[in-house]
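I've put the structures underneath this note.
The two complexes that follow have chain A in common; it is paired with chain B in the first and with chain C in the second.
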Partner chain A sequence: MTSFRFRFRDARVWRYMVSSIEKIIEDGVFVVNDEGLSLRALDTSHVVMIDLFYPKDSFDEWEVAEEATFGVSFKEFSKILRRAQKNDELVIEVKDTFLDVIFSEPSLGERVFRMPQISLTYEKLPEPKIEFTVRAKIFSTTFRDVIRDLEAVGETLVIRAPEEADKLIMEAKGDVEQVEIELPLGSSLIELQVDSPDKSAYSIDYFSQMRAAAQAADTVSLSYAEYAPIKVDMEYTGGGRLTFYVSPKEEE
Partner chain B sequence: MGVNLRDLIPSEAKMEVELKALKGREVALDAYNMLYQFLAAIRQPDGTPLMDSHGRVTSHLSGLFYRTINLVEEGIKPVFVFDGKPPEMKKREIEERIKRREEAASKYRQAVELGRLDEARKYAQATGRLTNDMVEESKRLLEAMGMPVVQAPADGEAQAACMAAWGDVWAAGSQDYDSLLFGAPRLVRNLAITGRRKLPGRDEYVEIKPELIELEKLLKSLGITRDHLIVIGILLGTDFNPGGVKGYGPKTALKFVKSIGDPLKVLKVVPKVEGEADPSEIFKYFKEPPCTKEYKISWREPDPEKIKTILVDEHDFNIERVEKGISRLKKAYRENLRGRISRLDAWFKG
Partner chain C sequence: MPIKIPSELCVRCKGYKRLCGLPRCPILERFQSQVNVLSRINGREVQGATPPSALVGEHGYPKVNIYFMIPPGERGSDARYHDDPQGWISRREPLSKIIELRSSMVSAILNSPVNDPWSLYEKEISLAALSLKPVDSEAILRKAPLPTLKFDGITKPVGPSSPAEKIKIYDNPKLHRKIEKIMWDDVKAEEAIRTLYLSGLDVYEIQRAMSLGVLGTIRRRRLVPTRWAITAVDEILSKFMKGFIRRERWIDDIEVRYGEYIGNRYVIVLMPGPGNMEWVEIWQPRGLWTRGSSKPVIWRVFEDNLGNLSAIDGGFSAAKMAVLESLFKRRRSADVLIIREILPTYYAPVGNWHIRETVKDIMKKDPVKVMDLSQVKDIIRKHIDIDLSVLSRKSLLLRGVRQTRLSDYEK
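And then the complex of A and B:
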């Protein structure tokens, strides 16, 4: 019988992260150990993989004696986390077959939600091996605005970096409209590294699903290569990171 | 009808899945099987099928149109495989089907006369008949929708299984288990009826989900080979020997086949296979069904005018509903059929 407990400063960060994860993946197994908390899961169609890691230092309390796992249905987990309010801290306590999701706010006291763990066999997924040729970092607000612009028009996002390596271009084409968004280095783009001026395409749907997670993030890093998956890293205050790998889409 | 392996399949070999779990997968659908399911299910409360102003049945077109849109919206890539000439061996089964339909039709008329609606609906469901015209217009509709249509030399189900075995599609889609005997590595059931369904004769509903059966898992969990499975099928009864062999149920057949080992030997020692077909011929038919490699699997942009000609002009479908369907189909085509989304698996191997 394992039991453990950890406390996180801002419950809303979890609310937003899980609200994105829920749209992509049904259930998953979190692992807690000496390093921190991690989760790796693949959607049923094998197009998206999520990879979450929070170092133990990013928690205010970390009572984990030995490596343990807990499985959740993201739909159920998200339902509860949606109750997170401003100033709420989040405590997760795992005992036996259930887990308590506790929101605590000094002036309001504690609200304890109990939900069942689901038993899933845990198998560690490998990390996709991709040689990225373009790497960029943008503010999360920029990321969300760009996705909103793109999804208004089309279903496929095309991302490309010109030879000069001074900007990143994202575009989408619909039946009649199209949109091209330029992200110049120094303003919208925080960092850009171009090994080869590559272009790649992805389904916008998955990016729309990431928008919630970006809401709580500080910055978003994008790494991709031609005809290869894109890696979208959401970086959170305190050192946490939620990564999405999305398979490429080939237009005929 | 097909062979009934239902009670033979252990729970670990079948999996209830969500439609979206099949996203990006090509599935070769047994079109006749699907059309019959639409004919049975899409009816008015008293069992009358949908009809146009000339009294021609349109249940199959309605089912085909809306169900295909559903599947494509979920990201499934359907390929429709149509039956060719039925093999000589199937004659008896076909005659029996006609007889069953005629019986059902007369019971239906009786029930209507007596005003028993529930009963009428039940019998009506068994009267569905596919005419050549209905098959041809189904193909025309699918082609107008941009769906690939494959013409099988004989059994559509066999052809779909071959295509899955060759790796040209991911799975065969049918309600019958014969696909497994024909060698389909994966069979997806319930695709024509996924969703909320009314239970027959009751005012209750159930949620039906697609069911995925993997041949290798099935054989492994039963501890047999595909040859054994075919023999078990023959013992239980196939379309070629509908009665099967007296005295054999799923359990006894499995035990018997396993105890003898050599599948062909089983057929020799079996007391009497009902029907005129030679059991070893039936075996050969399942083992090496007639299949063609003459087909092309590709999806095209839907043609709204052609769709409207068939559904609205020829068969009096409501134009607004059809147009709504077409715009859903166009969107789903752009999202899920045009362009290919690869899977991450290729990058795990590295």
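And then the complex of A and C:
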């Protein structure tokens, strides 16, 4: 059995990421190797794919001798990570069938949570190949506010971009209410590239689940095309990246 | 001048949430006074076998009333039939018969704090109420009961009642051996409910166990108002089955089923999908909650495949559980649309058991398989009296918004 260990500066980033992941998939396998740490998993209904990557440079300590994997139940993992406090560093140590989640804070010392690994067969999933026609980048706070506005009203999020490429529009419709949110380029919208003025629709719930992960991210990139999956990229300090692919909703 | 209460409010409230702001529901009040009650007792002593039937009220929580019900003079299968949803629906009993059966039982009321289910246990009252067979018992009432009948949309009607001076249990209650065992297990109620269900107990038995406080971690046992227990059991089992189904293959076709019972018609549509569920109630005008309305009133609940609910509705929970049970047995995942039409002939709310049982019955039928939603709409049109454009505007699943899968995009 291999063993390895790595240390990450801000435990709360992990807490937020995993609390989003937990709501979408039940379990998954992390891979650690020469490049860094990665996770790719599909939810059981095959609507969402999660793709996480942290380069090895973003860790303060990286003791990984050879490629290895560890499987976790995200519900259990999240339960532990929720204990992360401000100023906590996170150390993950894998030994045999155990996984130690260690929070360390200089003045408080270490808290060691031990959880069992779950054995899962690991197969590398292919990344969805989509030709995106619209690409946008927004601040994570904007992303969270927009989702909160939309989820108050409807169940489906419709996203569109006009040809002029000066703004991105997101809307939701409920039984009687509707909401339309314009994100003009230059203020809440950092970047926008429109190859074709496309429109697509997605279930809002998955976006609601992403809000937690966005809390720790700096920016959120959205890439989509008409009637194709959307790619939601969260970029974290240190070069980490958490990507959600969400399959669209189509009207008959 | 009396205030006009909008029917939309009544349909959401069903006499329970007091959304109109009045202390008592005027519709239920008026209706209760019109129902005849058969009271076959004189004096203060009631003898008979409890079917078993017991109800924990919610008024006054955390000090609640426990209604222990006895049909005077009846024993054996006659007594059993006073609390037998599955028997009622298999014989297609009319609403009047159900009201008659319920109103001819007398309730002896005990009062207890919810955190003390043990004293009921010691008096064998909870055991009697969990028995598989009717249990001979006797109640001595403080005063002769008034001939009234209480209604509520979730629990079964409760007949004439009076505080009990004493309740005596004569027979030995016969318990399901799983309940007998789990009573002494220190496990969470959620887990206990799953175990009982998987060992083949019917939901009514589990509801009673939950309500009478024999499930859960030993030190935290509570009496649970029956109304809450019913929905809790439905939701716990639904959550469990949904989690299981999520991993299974989607069904292949769109399946449509239809059925009706006591003035309630249902069209159940299953379509390939990850497990979104939608419940649309259509209350026809001049019915129980729509007396003053000239148009049908529509109430809708949506639950996405991750389990987020737009509202808590005991009727939906019951129907949902019945549909999931059938998918669970088939090991298939589907998006589910349940349309329930309520006709004015459904004049009394007798509990949500009839929703659960009718839907269960419907799910046993062979479906009509169709190719697209326009054919689904044709079938709905045939069975249910509603303007399809109004319904399509309300229903997300009927609008044909289809959730695709990532695998659809792998080239």
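Points worth noting:
Note that the second predicted complex is superposed on the first by the 251 of 252 C-alpha atoms of A that agree within 3 Å, B and C clash if a C-alpha of one lies under 4 Å from a C-alpha of the other, contacts with A are read in each partner's own complex, and residues count from 1 in each chain.
Quick note on the criterion: a contact is a pair of C-beta atoms (placed from the backbone, for glycine too) under 8 Å apart; a residue touches a chain by one contact, two chains touch by 3 or more.
Since we're looking at a predicted model, the values are computed, not measured.
Clashing of chain B with chain C is the outcome of superposition onto chain A. When both complexes are overlaid on chain A, the residue A:N87 reaches neither chain B nor chain C.
When the two complexes are overlaid on their common chain A, residue A:K23 makes contact with chain C while staying clear of chain B.
Once the two complexes are laid over each other on the shared chain, residue contacts for A:S104 go to neither chain B nor chain C. Once chain A of one complex is fitted onto chain A of the other, the partner contacts of A:S247 extend to both chain B and chain C. Among the candidate segments 94-102, 112-120 or 220-228, the part of chain C whose C-alpha atoms clash with chain B in the superposed model is 94-102. Chain A uses residues 42, 44-49, 126, 128-130, 155-156, 175, 201, 203, 205, 228-229, 245, 247-252 to touch chain B in one structure and chain C in the other. Of all residues in chain A, only 23-24, 42, 44-49, 126, 128-130, 155-156, 175, 201, 203, 205, 208-209, 228-229, 245, 247-252 touch chain C in the complex they form.
Taken in their complex, chain B has these residues touching chain A: 17-18, 20-24, 75, 330-331, 334-335, 338-345, 347-350.
The residues of chain A lying in touch with chain B in their complex are 42, 44-49, 125-126, 128-130, 155-156, 175, 201, 203, 205, 228-229, 245, 247-252.
Touching chain A in their complex are the following residues of chain C: 246-247, 274-275, 300, 302, 304-306, 308, 333, 372-373, 393-394, 396, 399-411.
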